[in-house]
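In the part that follows, the structures are each spelled out as structure tokens.
What follows is chain A paired twice: with chain B in the first complex and chain C in the second.
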Partner chain A sequence: MKPLEMVRTFMVENFLFGDDGTLREDTQFLENGIIDSTGVLELVGYLEKTFGIRVEDGEIAPDNLNSLKNICGYLERKLGAPKPA
Partner chain B sequence: MCGIAGIIVHNGAPGTISVEILARMAGALRHRGPDGTGIYVDDRAGLVHTRLSIIDLAGGAQPIHNEDGTLWIVYNGEVFNYPELRESLLSRGHRFYTSTDTEVILHLYEDKGPDCLVELNGQFAIAIWDAKRNTLFLARDRIGIRPLHYHVGGGCIRFASEIKALFQDPFVPRRIDPRALDQIFTFWSTLPGRTFFQGIEELLPGHFLLASEGGVRIGKYWELPIVPPEERLNLADEEIRERCTELLFDAVRIRLRADVPVGCYVSGGLDSSLIAAMVQGRFDNRLKTFGIGFQEATFDEERYQERMVNHLGTEHTRIRAGNAEIGRGFDEVVRCCETPVLRTAPVPMYFLSGIVRESGFKVVLTGEGADEFFGGYDIFRETLVRWFWSRDPTSRLRPLLIEKLYPYLFGDPRLRETLRAFFANGIDDPGDRFFSHRIRWENTARIKTFFGGAIRTAVRGYDALEELAAMLPVGFHSADPLARAQYLEIVTFLSKYLLSSQGDRVAMGHSVEIRLPYLDYRLMEFLSRLPTRHKVFGLTEKTLLKKIGQDLVPDEILSRSKHPYRAPIRESLLPEGDPTPAVLSAEAIRDAGLFDGVKVEGLLRKMRSVPRASEVDGMALSGILSAQIVHQAFVAARPPADALSAELFVDLRAGMSRGA
Partner chain C sequence: MTALVHDLLRVSAERYPDRIAVVCGNRRVPYSRLQQRATDLSERLVASGLAPGERVLVLLENSPEYLVTYFSVLRAGGVVVPVAHDANERGLGRIVADCTPSVVIGRGEQLRAREWTLGDAVSVRTIVDVDSMEFDRRRRGGGALRGAGRRPVDAETNQLALILYTSGTSGRPKGVMLTRRNLLSNAASIVEYLKLTYEDRVMVVLPFRYSYGNSLLTTHVLAGGCLVLENRFAFPNVVLDRMQEEEVTGFAGVPSTFAILLNRSSLRTRVFPALRYVTQAGGAMSPTLARELKEALPETDVFIMYGQTEAAPRLTYLEPAELLRRPGSIGKAIPGVRITLRDEEGIPVRPGEIGEIVAEGDNIMAGYWNSPQETAAVLKNGCLYTGDLGRADEDGFLYVVGRRSEMIKTGGHRISPKEMEHTLAAMPGVAEAAVVGVPDAILGQAIKVFIAPTVGKAVQAADVLRFCSENFEAFLVPKEIVFLDELPKSANGKVDRSALKGDPPA
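Moving on, here comes the complex of A and B:
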């Protein structure tokens, strides 16, 4: 499964409780009430565990995490970037 | 304090009232008045009263009548200025056969009709039957401290303190109102006038109702004042402090009028501490106080409570509410409240009234209402900060004030950006009439995702915020941001939730009467005329109340940060290792038809697995579980009630002679 589909499945199961009709790639999580601050931490925990990354404090921002599209962009940058020595 | 109920044939064939139903209505209200029962019946009216005797213990049984027996009253509550009103009635030639406040109201009504209400200072629900004119008069106190519900249909009006009494009459339908569920899952409560049940209405605070052959008419005698800034009191701060202190002292003084001892709740916060200090200092130096502690440190304010009672030297009783106990008490408390609740906080309040009762007390003063009228809630400061921010939305500094306001939320640096984005919602629209509350309501409304298909269909196209908007008074729209926020908080949350699910219902569940000095109407009116700075100044809340408290309450209590009263949800309702409550089983969810079973299952699974449940998931769990309990207790079956035999039974039906 592609990262987009994996994150999407996680979001639908954990925040929409199975209701997948409303979640598009560019649906804004905060503005549409899909996620709150506790939810953001759940999402971060999921990303760290599933993709083996470390999400830095400064990266927990709407630009990176507020939609499926933003998350995919963030994951690409993160996974594609060379690891710091 | 008592329970009242009745059936009036205002527009139909006389002689059809069942004494058996009246007796069952009394049974359903026994907890509100365990000290005695009274029933009145004639060919058009049946009145029920269950009594908690507080004033005129020997002679105060109701119904009470006027000199010629044409007016009959049943009444729940207290009118604290009754001695003064009685004097003037005596001088106008009225004769009294009891020394109660009840009889004072009756004679005042006889003289002035509905206009009598403006003279009453108290907390009450009143029913007066005018047998000569075949007219029923119902009325409720200004802010809604005492409940009063009614149902109109089949030429009759049925009324009762609690809905479970109305449901004793098989004529009254027992159906959940989908729109009411939508409202509760948005505002935490139904909107003013509505209940969780279709066809059951609530008499609005500050209103009266007249039912006669011509129909049912509702009138208003008081409304929450909204005073434009230019018309506010322009007095020196010191004078305002003195006048407000005296008003508060007087509000406390008249609330100590009772023929039984009066205790005080002390939480450890400023509001209740100040009331207790006023009582102890000026009126009763052997005061008994009561308070709650919690198992979890986050919810606990025991340390401050301890500090305050040591300062006062009162005899203090504290109970500790454990998580598991809160969970076990939830079902019973929801049956008291008769509505879904999104919090477990009513449960510890119910335990507290239980301790009061066990200690032999029937009456306590509480600090409720201070936050709303003196400007204590975070949401008020949040509104002013966001308002300030909205005037320069690109400012990097202004949003930092939000962080100062909620240090506990921003304590985790990882959440900073998310939270900032959250509070930035709506700052581009400061003219929004719901600017103060929209974020909160929309956040709560996320739990509507659990609605089942039938509810979804029933509320399609319905917008609860629009319904609220249509109820707003004219003055609201030109009011300043704080006054608007206060208004919304008072009509949706104070009157509909705090005074009921955390107030009257859970106190009366143990036959305890609460009295609320901060909600004396003289004080509410005075405070509405004060400039904003006496409430919120910069990031400081309750500026005036803190000044009043300076000489009476220790600095530690005055300067502590505000501690919202909460109780744990997940740990109480889904304790680890315990089975899921039966009303949340797939079958029970399907049978009630309110929620989507698959989603509820998903929520339960998530709640059991995540380390920390979110606010919203907690509200969802509490709301769904309580709605299921209400359905089971009131819709699937009629709430049980014994038929009570009345010690005072007045039978004036044609062909019957008057009973003893």
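Moving on, here comes the complex of A and C:
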């Protein structure tokens, strides 16, 4: 499964109670009441565990995490970046 | 003191017409404009038939429109009933059925999405979209005739201003009735001890529909200060950016707000030269977290405060200078409030003893809407029985030791789980701890401890027992210790004790 589909499945199962009809790639999570502050932290935990990354505090930002599209862009940057020696 | 709540806005608009009352995104609304919009909406509400004492359901998130609506309804003599703009149908339906609003005010899509719930409610005559200022008349009747020519002001300060629904655990919603006097007296008292002036600018991340958020609104409008609204606390660094850009002088949060800021934001690496104070209320914050907060903001006063929605909401505060000297204290009664600690018969306890926190003052609610029995259980002779147990130190500083219903009685000893939890949380390798009483044939109740270890740390039951025997009296050493990855929490982030008592699988 591609990262987009994995994250979508996680969001739908955990925050939309299985109803995926409203979640588009550019749906803004916060503005649409999909997640709150603890929800964001759950999402961060999921991304760290599933993709083996460390989400820095400064990266917990709307540009990185507020939609499926933003998350995919963030994951691409994160996973594509060369690992520190 | 100003006699009427809506006068708070009128007076500040006269004194500071050009000062900014509210900032929201790119919008900056001066007092004069806010007052004008509130007056316009108020007159239209009266013209549409809103009679004094009628409830107005407000379905708005924090926004300039929330303030416009709030003051317009009060000016028209109505009662503001704020609910979450994204409330679910079931919760909303229960509140509508309980308070029978005649008017609903919301905006755009959020309003339309809930139209079937609201449109079906028999009591609702008018639905107002505050963006378009469209009035959708559903039913005839109400005070249309009374409205014509009636002055839109009712000078009775004991008149109801606000009903705040609290998240009761039982199925039925509990509406706390606050009068105009309640709101004014509490706002004036808070302005006094926080020394708020027209130069203060507070970052608001707490919803206005909660009593703590509501008090930010009333106090800053009273002082002529500025409310900087930011509804994206889920991304804490966005809020910190805004605090720096807007040079806010104040910030208000609940314990989880500060836990998130200290653990998942760049708070510690930033400086806030304008930030004069932060306030914490909305549940007990551990002294460890309070100390970390002070260390992160060394130049800022940290006010620990205590209250209840039923007290509009503030009851006590701790002077910032005492923060590190009296860890865990909620301080002393605010101006205009009297606090006593009483035993189960309602008699004041002796110094040093634990008793229920009982409060008197102009801020104590009128009761619970439609619930005389629940009201009688907490309001006695004008006093509010908070259900919280406290004790005072030799200088009169108060400490909350737990809820009356949560106290553990073991072998004749009365034990506060919260005090034990605070101590256990300081044990190396322990992230969180919870203490509950479980039935015991000999002791009545025995102490059971739940420990969530810090990630990557191994803590053994023997370590916990050793720590307990070193730090507690013998009767406090737990009979049982359970390790969990994480403690179960309720929706509002508090440890769910009832789930723990049900002994969840580790």
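Keep this in mind: the second predicted complex is superposed on the first by the 85 of 85 C-alpha atoms of A that agree within 3 Å, B and C clash if a C-alpha of one lies under 4 Å from a C-alpha of the other, contacts with A are read in each partner's own complex, and residues count from 1 in each chain.
The rule is simple: contacts are C-beta pairs under 8 Å (C-beta built on N, C-alpha and C of every residue); 3 or more make two chains touch, one makes a residue touch a chain.
Please read all numbers here as calculations on a predicted model, not as lab measurements.
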item	value
Contacts of A:Thr38 with chain B and chain C, given as first, second, both or neither	both
Touched partner set for A:Gly73, first chain B, second chain C, both or neither	neither
Between chain B and chain C, more extensive residue contact with chain A	B
Touching partner for A:Asn14 - first (chain B), second (chain C), both, neither	first
Touched partner set for A:Ala61, first chain B, second chain C, both or neither	both
Touching both chain C and chain B, counted on chain A across the two superposed complexes	30, 33, 36-41, 44, 57, 60-62, 65-66
For the chain B and chain A complex, residues of the former touching the latter	409, 412-419, 421-422, 425, 442-443, 445-446, 449-450, 596, 598-600, 602-603, 606, 610, 612-616
List of chain A residues in touch with chain C within their complex	29-30, 33, 35-41, 44, 57-58, 60-62, 65-66
Residue numbers on chain C that touch chain A, as the complex places them	86, 231-238, 256, 260, 264-266, 493
Residues on chain A engaged by chain B in the complex (per definition of touch)	13-14, 16-19, 30-31, 33-34, 36-42, 44, 57, 60-62, 65-66
